[in-house]
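The letters A, B, C and D name the chains in turn, as written, and every chain counts its residues from 1.
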Amino acid sequence: MARAISEERVSRLKEEFFQGFIKTCGINLVSLEHGRAESRLEITGAHSQQDDFAHAGVMATMADHTAGYAAFSVVTEDYRILTLEFKINFLRPATGDGLVCRARVVKEGKNILVADSEVFSQRNGVEKLVAKALVTLVAVPEQEFSNR
Amino acid sequence: MARAISEERVSRLKEEFFQGFIKTCGINLVSLEHGRAESRLEITGAHSQQDDFAHAGVMATMADHTAGYAAFSVVTEDYRILTLEFKINFLRPATGDGLVCRARVVKEGKNILVADSEVFSQRNGVEKLVAKALVTLVAVPEQEFSNR
Amino acid sequence: MARAISEERVSRLKEEFFQGFIKTCGINLVSLEHGRAESRLEITGAHSQQDDFAHAGVMATMADHTAGYAAFSVVTEDYRILTLEFKINFLRPATGDGLVCRARVVKEGKNILVADSEVFSQRNGVEKLVAKALVTLVAVPEQEFSNR
Amino acid sequence: MARAISEERVSRLKEEFFQGFIKTCGINLVSLEHGRAESRLEITGAHSQQDDFAHAGVMATMADHTAGYAAFSVVTEDYRILTLEFKINFLRPATGDGLVCRARVVKEGKNILVADSEVFSQRNGVEKLVAKALVTLVAVPEQEFSNR
(Lines give C-alpha, C1' and ligand atoms only; values in the text may rest on other atoms or scores of the structure.)
Protein backbone atom coordinates (compact mmCIF):
# COMPACT_ATOMS: atom_id res chain seq x y z
CA MET A 1 0.00 0.00 0.00
CA ALA A 2 2.57 2.55 1.15
CA ARG A 3 4.65 2.22 -2.01
CA ALA A 4 7.27 4.95 -2.23
CA ILE A 5 7.18 7.64 -4.88
CA SER A 6 10.61 8.99 -5.92
CA GLU A 7 11.66 12.49 -4.83
CA GLU A 8 12.32 13.30 -8.47
CA ARG A 9 8.75 12.37 -9.41
CA VAL A 10 7.37 14.42 -6.50
CA SER A 11 9.41 17.47 -7.62
CA ARG A 12 8.19 17.16 -11.19
CA LEU A 13 4.58 16.78 -10.13
CA LYS A 14 4.82 19.76 -7.75
CA GLU A 15 6.07 21.93 -10.60
CA GLU A 16 3.41 20.64 -12.97
CA PHE A 17 0.72 21.19 -10.33
CA PHE A 18 1.19 24.96 -10.19
CA GLN A 19 0.39 26.38 -13.65
CA GLY A 20 -2.46 27.86 -15.67
CA PHE A 21 -5.72 28.07 -13.73
CA ILE A 22 -4.17 26.76 -10.51
CA LYS A 23 -1.58 29.58 -10.63
CA THR A 24 -4.47 31.99 -11.30
CA CYS A 25 -6.12 30.65 -8.13
CA GLY A 26 -2.88 30.63 -6.11
CA ILE A 27 -3.16 26.99 -5.01
CA ASN A 28 0.12 25.33 -3.94
CA LEU A 29 0.85 21.65 -3.51
CA VAL A 30 2.04 21.25 0.08
CA SER A 31 2.78 17.53 0.18
CA LEU A 32 2.47 14.43 -1.96
CA GLU A 33 2.87 10.80 -1.07
CA HIS A 34 1.51 7.55 -2.51
CA GLY A 35 -2.25 8.12 -2.90
CA ARG A 36 -2.38 11.33 -0.87
CA ALA A 37 -1.96 15.01 -1.67
CA GLU A 38 -2.39 18.23 0.28
CA SER A 39 -2.72 21.74 -1.14
CA ARG A 40 -3.19 25.23 0.31
CA LEU A 41 -4.17 28.76 -0.72
CA GLU A 42 -4.20 32.13 1.03
CA ILE A 43 -7.71 33.60 0.82
CA THR A 44 -7.75 37.04 -0.85
CA GLY A 45 -10.39 39.26 -2.45
CA ALA A 46 -9.68 37.38 -5.70
CA HIS A 47 -11.46 34.31 -4.28
CA SER A 48 -14.69 35.80 -2.95
CA GLN A 49 -18.31 35.50 -4.02
CA GLN A 50 -21.16 38.03 -3.59
CA ASP A 51 -21.33 37.56 0.18
CA ASP A 52 -17.57 37.73 0.87
CA PHE A 53 -17.13 34.01 1.47
CA ALA A 54 -14.59 32.06 -0.59
CA HIS A 55 -16.39 31.03 -3.81
CA ALA A 56 -17.68 27.45 -4.16
CA GLY A 57 -15.71 27.34 -7.44
CA VAL A 58 -12.42 27.87 -5.56
CA MET A 59 -13.15 24.93 -3.26
CA ALA A 60 -14.31 22.79 -6.18
CA THR A 61 -11.11 23.60 -8.08
CA MET A 62 -8.93 22.66 -5.08
CA ALA A 63 -10.90 19.46 -4.45
CA ASP A 64 -10.60 18.39 -8.10
CA HIS A 65 -6.97 19.35 -8.69
CA THR A 66 -5.66 17.93 -5.42
CA ALA A 67 -7.52 14.66 -6.11
CA GLY A 68 -5.90 14.66 -9.56
CA TYR A 69 -2.40 14.81 -8.10
CA ALA A 70 -3.20 12.18 -5.46
CA ALA A 71 -4.12 10.05 -8.51
CA PHE A 72 -0.92 11.01 -10.43
CA SER A 73 1.04 9.73 -7.40
CA VAL A 74 -0.20 6.15 -7.86
CA VAL A 75 0.25 5.76 -11.64
CA THR A 76 3.46 5.42 -13.63
CA GLU A 77 4.96 8.36 -15.54
CA ASP A 78 3.54 7.25 -18.88
CA TYR A 79 -0.03 7.91 -17.71
CA ARG A 80 -1.98 11.18 -17.66
CA ILE A 81 -4.91 11.78 -15.31
CA LEU A 82 -8.24 13.33 -16.34
CA THR A 83 -11.27 14.02 -14.14
CA LEU A 84 -14.39 12.20 -15.34
CA GLU A 85 -16.71 13.84 -12.79
CA PHE A 86 -16.96 14.99 -9.23
CA LYS A 87 -19.55 15.87 -6.61
CA ILE A 88 -18.94 18.35 -3.83
CA ASN A 89 -20.96 19.36 -0.76
CA PHE A 90 -20.46 22.77 0.81
CA LEU A 91 -20.87 22.31 4.55
CA ARG A 92 -20.44 25.86 5.87
CA PRO A 93 -19.47 29.28 4.49
CA ALA A 94 -15.68 29.41 3.96
CA THR A 95 -14.06 32.35 5.70
CA GLY A 96 -10.63 32.78 7.29
CA ASP A 97 -6.99 33.17 6.27
CA GLY A 98 -6.56 30.14 4.11
CA LEU A 99 -7.98 26.95 2.67
CA VAL A 100 -6.30 23.58 2.84
CA CYS A 101 -7.36 20.54 0.82
CA ARG A 102 -6.51 16.90 1.61
CA ALA A 103 -7.22 14.27 -1.02
CA ARG A 104 -6.70 10.53 -0.87
CA VAL A 105 -7.29 7.80 -3.43
CA VAL A 106 -9.95 5.42 -2.09
CA LYS A 107 -9.94 3.06 -5.10
CA GLU A 108 -7.14 2.34 -7.55
CA GLY A 109 -8.67 0.51 -10.48
CA LYS A 110 -6.92 -0.54 -13.65
CA ASN A 111 -7.98 2.70 -15.37
CA ILE A 112 -10.52 4.30 -13.06
CA LEU A 113 -9.53 5.90 -9.76
CA VAL A 114 -11.77 7.36 -7.09
CA ALA A 115 -10.59 9.97 -4.59
CA ASP A 116 -12.07 11.65 -1.54
CA SER A 117 -11.21 15.35 -1.10
CA GLU A 118 -11.86 17.45 1.98
CA VAL A 119 -11.44 21.23 2.12
CA PHE A 120 -10.83 22.98 5.46
CA SER A 121 -10.83 26.68 6.26
CA GLN A 122 -8.05 27.93 8.53
CA ARG A 123 -8.31 30.86 10.92
CA ASN A 124 -5.67 31.48 13.56
CA GLY A 125 -4.56 27.90 13.27
CA VAL A 126 -8.06 26.45 13.77
CA GLU A 127 -9.36 24.23 10.97
CA LYS A 128 -13.00 23.66 10.01
CA LEU A 129 -14.27 21.22 7.37
CA VAL A 130 -16.00 23.41 4.75
CA ALA A 131 -16.43 21.07 1.78
CA LYS A 132 -16.32 17.36 0.99
CA ALA A 133 -16.00 15.84 -2.47
CA LEU A 134 -15.93 12.49 -4.27
CA VAL A 135 -13.92 12.55 -7.52
CA THR A 136 -13.80 9.95 -10.33
CA LEU A 137 -10.66 10.05 -12.47
CA VAL A 138 -9.32 8.11 -15.44
CA ALA A 139 -5.69 7.21 -16.13
CA VAL A 140 -4.95 7.54 -19.87
CA PRO A 141 -1.71 6.23 -21.45
CA GLU A 142 0.32 9.28 -22.57
CA GLN A 143 0.69 7.85 -26.07
CA GLU A 144 -3.08 7.60 -26.60
CA PHE A 145 -3.38 11.03 -25.16
CA SER A 146 -1.11 12.87 -27.59
CA ASN A 147 -2.86 11.24 -30.54
CA ARG A 148 -6.20 12.75 -29.64
CA MET B 1 -44.13 30.07 -15.14
CA ALA B 2 -42.65 32.74 -17.39
CA ARG B 3 -42.94 35.43 -14.73
CA ALA B 4 -41.12 38.59 -15.70
CA ILE B 5 -38.10 39.84 -13.83
CA SER B 6 -37.65 43.63 -13.80
CA GLU B 7 -34.89 45.25 -15.88
CA GLU B 8 -33.65 46.95 -12.74
CA ARG B 9 -33.29 43.60 -10.95
CA VAL B 10 -31.50 42.12 -13.99
CA SER B 11 -29.05 45.07 -14.02
CA ARG B 12 -28.32 44.73 -10.33
CA LEU B 13 -27.81 40.96 -10.59
CA LYS B 14 -25.52 41.36 -13.64
CA GLU B 15 -23.34 43.75 -11.67
CA GLU B 16 -23.31 41.53 -8.62
CA PHE B 17 -22.48 38.49 -10.79
CA PHE B 18 -19.10 39.87 -11.91
CA GLN B 19 -16.92 40.30 -8.83
CA GLY B 20 -14.31 38.50 -6.73
CA PHE B 21 -13.51 35.02 -8.03
CA ILE B 22 -15.78 35.35 -11.06
CA LYS B 23 -13.88 38.51 -12.10
CA THR B 24 -10.64 36.58 -11.53
CA CYS B 25 -11.98 33.92 -13.91
CA GLY B 26 -13.34 36.46 -16.43
CA ILE B 27 -16.86 35.02 -16.55
CA ASN B 28 -19.58 37.42 -17.76
CA LEU B 29 -23.34 37.09 -17.41
CA VAL B 30 -24.73 37.23 -20.96
CA SER B 31 -28.44 36.96 -20.26
CA LEU B 32 -30.86 36.42 -17.42
CA GLU B 33 -34.56 35.66 -17.45
CA HIS B 34 -36.93 33.92 -15.04
CA GLY B 35 -35.21 30.63 -14.15
CA ARG B 36 -32.53 30.81 -16.83
CA ALA B 37 -29.06 32.32 -17.03
CA GLU B 38 -26.27 32.26 -19.61
CA SER B 39 -22.61 33.16 -19.04
CA ARG B 40 -19.47 33.24 -21.18
CA LEU B 41 -15.69 33.46 -20.89
CA GLU B 42 -12.85 33.86 -23.37
CA ILE B 43 -10.38 30.99 -22.87
CA THR B 44 -6.83 32.23 -22.12
CA GLY B 45 -3.68 30.70 -20.63
CA ALA B 46 -5.07 31.68 -17.22
CA HIS B 47 -7.68 28.89 -17.52
CA SER B 48 -5.55 25.91 -18.56
CA GLN B 49 -4.55 22.69 -16.79
CA GLN B 50 -1.42 20.56 -17.31
CA ASP B 51 -2.49 19.36 -20.76
CA ASP B 52 -3.59 22.74 -22.14
CA PHE B 53 -7.32 22.10 -21.89
CA ALA B 54 -9.52 24.49 -19.91
CA HIS B 55 -9.36 23.34 -16.28
CA ALA B 56 -12.25 21.32 -14.82
CA GLY B 57 -12.35 23.92 -12.04
CA VAL B 58 -13.18 26.68 -14.56
CA MET B 59 -16.14 24.71 -15.90
CA ALA B 60 -17.27 23.80 -12.38
CA THR B 61 -17.12 27.47 -11.36
CA MET B 62 -19.19 28.53 -14.39
CA ALA B 63 -21.72 25.74 -13.84
CA ASP B 64 -22.13 26.64 -10.16
CA HIS B 65 -22.21 30.42 -10.49
CA THR B 66 -24.54 30.49 -13.50
CA ALA B 67 -26.92 28.11 -11.71
CA GLY B 68 -26.77 30.46 -8.71
CA TYR B 69 -27.94 33.42 -10.78
CA ALA B 70 -30.64 31.38 -12.50
CA ALA B 71 -31.82 30.73 -8.91
CA PHE B 72 -31.52 34.42 -7.92
CA SER B 73 -33.85 35.21 -10.85
CA VAL B 74 -36.74 33.28 -9.30
CA VAL B 75 -36.56 34.51 -5.70
CA THR B 76 -37.46 37.92 -4.32
CA GLU B 77 -34.81 40.52 -3.46
CA ASP B 78 -34.81 39.71 0.24
CA TYR B 79 -33.35 36.24 -0.39
CA ARG B 80 -29.72 35.23 -0.87
CA ILE B 81 -28.71 32.07 -2.73
CA LEU B 82 -26.09 29.59 -1.51
CA THR B 83 -24.94 26.38 -3.23
CA LEU B 84 -25.49 23.29 -1.10
CA GLU B 85 -23.74 20.92 -3.48
CA PHE B 86 -23.23 20.10 -7.12
CA LYS B 87 -22.11 17.26 -9.35
CA ILE B 88 -20.46 17.77 -12.72
CA ASN B 89 -19.49 15.38 -15.51
CA PHE B 90 -16.73 16.33 -17.93
CA LEU B 91 -17.72 14.93 -21.30
CA ARG B 92 -14.76 15.90 -23.49
CA PRO B 93 -11.57 17.99 -23.20
CA ALA B 94 -12.49 21.68 -23.40
CA THR B 95 -10.54 23.54 -26.06
CA GLY B 96 -11.46 26.47 -28.32
CA ASP B 97 -11.98 30.23 -28.12
CA GLY B 98 -14.55 30.40 -25.38
CA LEU B 99 -16.86 28.61 -22.99
CA VAL B 100 -20.56 29.30 -22.63
CA CYS B 101 -22.73 28.04 -19.78
CA ARG B 102 -26.52 27.74 -19.80
CA ALA B 103 -28.30 27.05 -16.52
CA ARG B 104 -31.98 26.57 -15.83
CA VAL B 105 -33.91 25.95 -12.65
CA VAL B 106 -35.59 22.53 -12.86
CA LYS B 107 -37.23 22.69 -9.42
CA GLU B 108 -38.30 25.71 -7.43
CA GLY B 109 -39.03 24.54 -3.90
CA LYS B 110 -39.97 26.68 -0.94
CA ASN B 111 -36.30 26.93 0.09
CA ILE B 112 -34.46 24.38 -2.01
CA LEU B 113 -33.87 24.90 -5.74
CA VAL B 114 -32.31 22.51 -8.24
CA ALA B 115 -30.66 23.67 -11.46
CA ASP B 116 -29.22 21.97 -14.50
CA SER B 117 -26.08 23.59 -15.99
CA GLU B 118 -24.48 22.77 -19.31
CA VAL B 119 -21.10 24.07 -20.44
CA PHE B 120 -20.25 24.29 -24.15
CA SER B 121 -16.91 25.01 -25.82
CA GLN B 122 -16.98 27.37 -28.80
CA ARG B 123 -14.58 27.27 -31.74
CA ASN B 124 -15.28 29.25 -34.89
CA GLY B 125 -18.93 29.45 -33.94
CA VAL B 126 -19.32 25.70 -33.43
CA GLU B 127 -20.50 24.62 -29.98
CA LYS B 128 -19.77 21.31 -28.24
CA LEU B 129 -21.21 20.15 -24.92
CA VAL B 130 -18.17 19.70 -22.65
CA ALA B 131 -19.68 19.46 -19.17
CA LYS B 132 -23.06 18.81 -17.54
CA ALA B 133 -23.94 19.57 -13.92
CA LEU B 134 -26.78 19.24 -11.41
CA VAL B 135 -26.73 21.91 -8.71
CA THR B 136 -28.69 22.06 -5.42
CA LEU B 137 -29.15 25.55 -3.95
CA VAL B 138 -30.80 27.04 -0.91
CA ALA B 139 -32.60 30.39 -0.67
CA VAL B 140 -31.84 32.08 2.66
CA PRO B 141 -33.76 35.16 3.89
CA GLU B 142 -31.30 38.11 3.84
CA GLN B 143 -32.12 38.95 7.46
CA GLU B 144 -31.14 35.49 8.71
CA PHE B 145 -28.08 35.72 6.55
CA SER B 146 -26.62 38.90 8.01
CA ASN B 147 -27.10 37.57 11.55
CA ARG B 148 -24.83 34.59 10.94
CA MET C 1 -26.65 9.26 -34.64
CA ALA C 2 -29.96 7.46 -35.02
CA ARG C 3 -28.28 4.14 -35.75
CA ALA C 4 -30.73 1.29 -35.72
CA ILE C 5 -30.60 -1.47 -33.15
CA SER C 6 -31.86 -4.87 -34.35
CA GLU C 7 -35.19 -6.19 -33.08
CA GLU C 8 -33.40 -9.32 -31.98
CA ARG C 9 -30.99 -7.30 -29.84
CA VAL C 10 -33.89 -5.31 -28.35
CA SER C 11 -35.70 -8.55 -27.43
CA ARG C 12 -32.64 -10.02 -25.80
CA LEU C 13 -31.96 -6.83 -23.83
CA LYS C 14 -35.61 -6.59 -22.71
CA GLU C 15 -35.41 -10.11 -21.34
CA GLU C 16 -32.07 -9.48 -19.67
CA PHE C 17 -33.40 -6.22 -18.18
CA PHE C 18 -36.05 -7.94 -16.05
CA GLN C 19 -34.29 -10.26 -13.58
CA GLY C 20 -32.90 -10.35 -10.05
CA PHE C 21 -33.32 -7.06 -8.19
CA ILE C 22 -35.23 -5.42 -11.04
CA LYS C 23 -37.78 -8.25 -10.96
CA THR C 24 -37.94 -7.80 -7.16
CA CYS C 25 -38.74 -4.13 -7.79
CA GLY C 26 -41.18 -4.86 -10.64
CA ILE C 27 -39.53 -2.51 -13.16
CA ASN C 28 -40.30 -3.25 -16.82
CA LEU C 29 -38.46 -2.01 -19.89
CA VAL C 30 -41.10 -0.22 -22.00
CA SER C 31 -39.01 0.83 -24.98
CA LEU C 32 -35.45 0.82 -26.21
CA GLU C 33 -33.86 2.59 -29.12
CA HIS C 34 -30.34 3.78 -29.91
CA GLY C 35 -29.22 5.71 -26.82
CA ARG C 36 -32.64 5.87 -25.18
CA ALA C 37 -34.57 3.64 -22.82
CA GLU C 38 -37.87 3.93 -20.96
CA SER C 39 -39.01 1.83 -18.00
CA ARG C 40 -42.09 1.72 -15.78
CA LEU C 41 -43.32 0.28 -12.49
CA GLU C 42 -46.68 0.12 -10.72
CA ILE C 43 -46.33 1.65 -7.25
CA THR C 44 -47.36 -0.77 -4.48
CA GLY C 45 -46.79 -1.00 -0.73
CA ALA C 46 -43.57 -2.87 -1.54
CA HIS C 47 -42.02 0.41 -2.75
CA SER C 48 -42.84 2.77 0.12
CA GLN C 49 -40.73 4.49 2.74
CA GLN C 50 -41.72 5.61 6.27
CA ASP C 51 -43.99 8.42 5.02
CA ASP C 52 -45.80 6.39 2.32
CA PHE C 53 -43.99 7.97 -0.62
CA ALA C 54 -42.13 5.75 -3.08
CA HIS C 55 -38.65 5.17 -1.62
CA ALA C 56 -35.69 7.16 -2.97
CA GLY C 57 -33.98 3.79 -3.49
CA VAL C 58 -36.70 2.72 -5.95
CA MET C 59 -36.17 5.85 -8.04
CA ALA C 60 -32.39 5.50 -7.83
CA THR C 61 -32.64 1.88 -8.98
CA MET C 62 -34.85 2.84 -11.96
CA ALA C 63 -32.58 5.76 -12.89
CA ASP C 64 -29.47 3.59 -12.77
CA HIS C 65 -30.84 0.49 -14.49
CA THR C 66 -32.64 2.38 -17.27
CA ALA C 67 -29.45 4.39 -17.93
CA GLY C 68 -27.57 1.09 -18.08
CA TYR C 69 -29.84 -0.27 -20.83
CA ALA C 70 -29.71 3.02 -22.76
CA ALA C 71 -25.94 2.43 -22.66
CA PHE C 72 -26.27 -1.25 -23.72
CA SER C 73 -28.20 -0.01 -26.77
CA VAL C 74 -25.17 1.88 -28.15
CA VAL C 75 -22.44 -0.74 -27.66
CA THR C 76 -21.90 -3.98 -29.56
CA GLU C 77 -22.93 -7.36 -28.13
CA ASP C 78 -19.43 -8.22 -26.91
CA TYR C 79 -19.51 -5.42 -24.32
CA ARG C 80 -21.00 -5.42 -20.81
CA ILE C 81 -22.07 -2.22 -19.05
CA LEU C 82 -21.26 -1.38 -15.42
CA THR C 83 -22.25 1.75 -13.48
CA LEU C 84 -19.24 3.66 -12.16
CA GLU C 85 -21.29 6.19 -10.21
CA PHE C 86 -24.44 8.25 -10.27
CA LYS C 87 -25.97 11.29 -8.64
CA ILE C 88 -29.69 11.78 -8.19
CA ASN C 89 -31.80 14.70 -7.00
CA PHE C 90 -35.26 14.06 -5.53
CA LEU C 91 -37.42 16.97 -6.60
CA ARG C 92 -40.73 16.18 -4.93
CA PRO C 93 -42.28 13.30 -2.95
CA ALA C 94 -43.24 10.49 -5.34
CA THR C 95 -46.84 9.43 -5.04
CA GLY C 96 -49.34 8.13 -7.59
CA ASP C 97 -50.09 4.99 -9.58
CA GLY C 98 -46.79 4.46 -11.26
CA LEU C 99 -43.27 5.68 -11.96
CA VAL C 100 -41.79 6.03 -15.41
CA CYS C 101 -38.10 6.59 -16.12
CA ARG C 102 -36.60 7.97 -19.32
CA ALA C 103 -32.86 7.73 -19.84
CA ARG C 104 -30.73 8.95 -22.71
CA VAL C 105 -27.00 8.71 -23.39
CA VAL C 106 -25.55 12.23 -23.48
CA LYS C 107 -21.96 11.15 -24.18
CA GLU C 108 -20.72 8.02 -25.92
CA GLY C 109 -16.99 7.80 -25.25
CA LYS C 110 -14.69 4.98 -26.27
CA ASN C 111 -15.24 3.25 -22.91
CA ILE C 112 -17.01 5.78 -20.74
CA LEU C 113 -20.65 6.72 -21.29
CA VAL C 114 -22.71 9.35 -19.51
CA ALA C 115 -26.51 9.22 -19.31
CA ASP C 116 -29.22 11.51 -18.03
CA SER C 117 -32.18 9.82 -16.33
CA GLU C 118 -35.46 11.42 -15.37
CA VAL C 119 -38.12 9.76 -13.19
CA PHE C 120 -41.75 10.88 -13.40
CA SER C 121 -44.69 9.96 -11.18
CA GLN C 122 -47.95 9.21 -12.93
CA ARG C 123 -51.39 9.78 -11.46
CA ASN C 124 -54.51 9.61 -13.64
CA GLY C 125 -52.36 10.11 -16.70
CA VAL C 126 -50.65 13.25 -15.37
CA GLU C 127 -46.84 13.10 -15.14
CA LYS C 128 -44.63 15.01 -12.71
CA LEU C 129 -40.83 15.05 -12.71
CA VAL C 130 -39.86 13.57 -9.32
CA ALA C 131 -36.15 12.79 -9.72
CA LYS C 132 -33.27 13.66 -12.04
CA ALA C 133 -29.97 11.78 -12.27
CA LEU C 134 -26.61 11.85 -14.04
CA VAL C 135 -25.05 8.40 -14.48
CA THR C 136 -21.47 7.47 -15.48
CA LEU C 137 -21.05 4.02 -17.00
CA VAL C 138 -18.20 1.95 -18.37
CA ALA C 139 -18.30 -0.48 -21.29
CA VAL C 140 -16.16 -3.56 -20.53
CA PRO C 141 -15.29 -6.17 -23.22
CA GLU C 142 -17.12 -9.40 -22.31
CA GLN C 143 -13.89 -11.39 -22.54
CA GLU C 144 -12.15 -9.25 -19.93
CA PHE C 145 -15.25 -9.44 -17.85
CA SER C 146 -15.50 -13.22 -17.56
CA ASN C 147 -11.82 -13.42 -16.57
CA ARG C 148 -12.33 -11.29 -13.49
CA MET D 1 -21.01 15.65 20.29
CA ALA D 2 -21.69 12.20 21.72
CA ARG D 3 -25.17 13.14 22.90
CA ALA D 4 -27.15 10.12 24.00
CA ILE D 5 -30.23 8.93 22.16
CA SER D 6 -32.83 7.18 24.35
CA GLU D 7 -33.31 3.42 24.06
CA GLU D 8 -36.97 4.04 23.44
CA ARG D 9 -36.20 6.30 20.48
CA VAL D 10 -33.72 3.73 19.09
CA SER D 11 -36.37 0.99 19.33
CA ARG D 12 -38.96 3.09 17.58
CA LEU D 13 -36.55 4.08 14.81
CA LYS D 14 -35.43 0.45 14.34
CA GLU D 15 -39.04 -0.58 13.85
CA GLU D 16 -39.76 2.29 11.51
CA PHE D 17 -36.58 1.51 9.54
CA PHE D 18 -37.78 -1.91 8.40
CA GLN D 19 -40.92 -1.46 6.29
CA GLY D 20 -42.06 -1.01 2.70
CA PHE D 21 -39.19 -1.04 0.20
CA ILE D 22 -36.57 -1.72 2.88
CA LYS D 23 -38.47 -4.85 3.92
CA THR D 24 -38.69 -5.80 0.23
CA CYS D 25 -34.89 -5.46 0.08
CA GLY D 26 -34.34 -7.25 3.42
CA ILE D 27 -32.18 -4.51 4.94
CA ASN D 28 -31.99 -4.53 8.77
CA LEU D 29 -30.80 -1.75 11.07
CA VAL D 30 -27.97 -3.26 13.11
CA SER D 31 -27.05 -0.33 15.33
CA LEU D 32 -27.90 3.31 15.87
CA GLU D 33 -26.17 5.94 17.94
CA HIS D 34 -25.98 9.74 17.77
CA GLY D 35 -25.06 10.53 14.14
CA ARG D 36 -24.19 6.97 13.16
CA ALA D 37 -26.15 4.03 11.79
CA GLU D 38 -25.23 0.57 10.54
CA SER D 39 -27.38 -1.75 8.43
CA ARG D 40 -26.97 -5.20 6.90
CA LEU D 41 -28.55 -7.52 4.33
CA GLU D 42 -28.02 -11.14 3.29
CA ILE D 43 -27.32 -11.26 -0.44
CA THR D 44 -29.77 -13.50 -2.32
CA GLY D 45 -30.84 -13.94 -5.93
CA ALA D 46 -33.41 -11.20 -5.29
CA HIS D 47 -30.59 -8.63 -5.22
CA SER D 48 -28.64 -9.50 -8.38
CA GLN D 49 -28.14 -7.72 -11.68
CA GLN D 50 -27.44 -9.20 -15.12
CA ASP D 51 -23.92 -10.34 -14.21
CA ASP D 52 -24.78 -11.89 -10.82
CA PHE D 53 -23.32 -9.08 -8.73
CA ALA D 54 -25.50 -7.29 -6.17
CA HIS D 55 -27.35 -4.53 -8.06
CA ALA D 56 -26.12 -0.94 -7.79
CA GLY D 57 -29.68 -0.05 -6.79
CA VAL D 58 -29.44 -2.27 -3.69
CA MET D 59 -26.29 -0.50 -2.54
CA ALA D 60 -27.77 2.91 -3.35
CA THR D 61 -30.88 2.05 -1.33
CA MET D 62 -28.78 0.96 1.68
CA ALA D 63 -26.54 4.03 1.44
CA ASP D 64 -29.55 6.37 1.29
CA HIS D 65 -31.72 4.72 3.93
CA THR D 66 -28.91 4.18 6.45
CA ALA D 67 -27.84 7.84 6.02
CA GLY D 68 -31.48 8.80 6.63
CA TYR D 69 -31.56 7.01 9.98
CA ALA D 70 -28.17 8.41 11.00
CA ALA D 71 -29.87 11.78 10.37
CA PHE D 72 -33.03 10.79 12.32
CA SER D 73 -30.74 10.05 15.30
CA VAL D 74 -29.62 13.67 15.59
CA VAL D 75 -32.98 15.45 15.27
CA THR D 76 -35.83 15.61 17.75
CA GLU D 77 -38.96 13.46 17.39
CA ASP D 78 -41.01 16.22 15.82
CA TYR D 79 -38.84 16.23 12.68
CA ARG D 80 -39.05 13.98 9.63
CA ILE D 81 -36.05 13.36 7.35
CA LEU D 82 -36.15 13.47 3.55
CA THR D 83 -33.29 12.85 1.10
CA LEU D 84 -32.63 15.83 -1.15
CA GLU D 85 -30.02 14.07 -3.27
CA PHE D 86 -27.11 11.65 -3.13
CA LYS D 87 -24.13 10.58 -5.15
CA ILE D 88 -22.63 7.10 -5.02
CA ASN D 89 -19.48 5.57 -6.47
CA PHE D 90 -19.32 1.82 -7.09
CA LEU D 91 -15.75 0.77 -6.38
CA ARG D 92 -15.80 -2.93 -7.18
CA PRO D 93 -18.38 -5.60 -8.10
CA ALA D 94 -20.31 -6.61 -4.97
CA THR D 95 -20.27 -10.34 -4.34
CA GLY D 96 -20.29 -12.38 -1.14
CA ASP D 97 -22.67 -13.40 1.64
CA GLY D 98 -23.83 -10.00 2.79
CA LEU D 99 -23.61 -6.24 2.52
CA VAL D 100 -23.09 -3.92 5.45
CA CYS D 101 -23.55 -0.16 5.32
CA ARG D 102 -22.12 2.38 7.78
CA ALA D 103 -23.37 5.95 7.63
CA ARG D 104 -22.33 8.94 9.71
CA VAL D 105 -23.54 12.53 9.73
CA VAL D 106 -20.66 14.82 8.69
CA LYS D 107 -22.63 18.06 8.98
CA GLU D 108 -25.59 18.89 11.18
CA GLY D 109 -27.04 22.14 9.91
CA LYS D 110 -30.18 23.84 11.15
CA ASN D 111 -32.26 22.08 8.46
CA ILE D 112 -29.74 20.52 6.09
CA LEU D 113 -27.69 17.49 7.05
CA VAL D 114 -24.92 15.77 5.10
CA ALA D 115 -23.96 12.15 5.65
CA ASP D 116 -21.23 9.87 4.35
CA SER D 117 -22.25 6.24 3.66
CA GLU D 118 -19.94 3.35 2.94
CA VAL D 119 -21.09 -0.08 1.76
CA PHE D 120 -18.93 -3.16 2.35
CA SER D 121 -19.32 -6.67 0.99
CA GLN D 122 -18.73 -9.51 3.43
CA ARG D 123 -17.42 -12.96 2.52
CA ASN D 124 -16.27 -15.39 5.21
CA GLY D 125 -15.88 -12.49 7.61
CA VAL D 126 -13.70 -10.44 5.27
CA GLU D 127 -15.02 -6.96 4.39
CA LYS D 128 -14.33 -4.99 1.22
CA LEU D 129 -15.43 -1.43 0.53
CA VAL D 130 -17.72 -1.70 -2.53
CA ALA D 131 -19.47 1.69 -2.64
CA LYS D 132 -19.10 5.15 -1.17
CA ALA D 133 -21.79 7.84 -1.07
CA LEU D 134 -22.41 11.43 -0.01
CA VAL D 135 -26.03 12.14 0.95
CA THR D 136 -27.78 15.51 1.48
CA LEU D 137 -30.88 15.39 3.71
CA VAL D 138 -33.41 17.87 4.99
CA ALA D 139 -35.13 17.86 8.38
CA VAL D 140 -38.79 18.91 8.02
CA PRO D 141 -41.01 19.73 11.04
CA GLU D 142 -43.65 16.98 11.29
CA GLN D 143 -46.44 19.57 11.39
CA GLU D 144 -45.43 21.12 8.07
CA PHE D 145 -45.06 17.64 6.72
CA SER D 146 -48.58 16.41 7.43
CA ASN D 147 -50.05 19.56 5.89
CA ARG D 148 -48.50 18.88 2.51
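In this section, contacts are C-beta pairs under 8 Å (C-beta built on N, C-alpha and C of every residue); 3 or more make two chains touch, one makes a residue touch a chain.
Remember, it's a predicted structure, so these values are computed and weren't measured experimentally.
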{"item": "Label of the chain whose CA centroid is most distant from the centroid of chain D", "value": "B"}
{"item": "Which of A-C and B-C has more C-beta contact pairs", "value": "B-C"}
{"item": "Gap in Å, rounded to a whole number, between the CA centres of chain C and chain B", "value": "29"}
{"item": "Distance between chain centroids, defined by C-alpha means - chain A, chain B (Å)", "value": "22"}
{"item": "Separation of mean Cα positions, chain C and chain A [Å, integer]", "value": "32"}
{"item": "For chain B, residues contacting two or more additional chains", "value": "84-85, 87, 89, 114, 134, 136"}
{"item": "Pairwise touch network: line, ring, star, complete, or other", "value": "complete"}
{"item": "Interface residues, chain A side, partner chain D - complex", "value": "87, 89, 91-92, 106-107, 109, 114, 116, 129, 132, 134, 136"}
{"item": "Contacting residues of chain A [partner chain B, same complex]", "value": "16-17, 19-25, 45-52, 54-58, 60-62, 64-65, 80, 82-90, 93, 145, 148"}
{"item": "Interfacial residue positions of chain D with respect to chain B in the complex", "value": "84-85, 87, 111-112, 114, 134, 136, 138"}
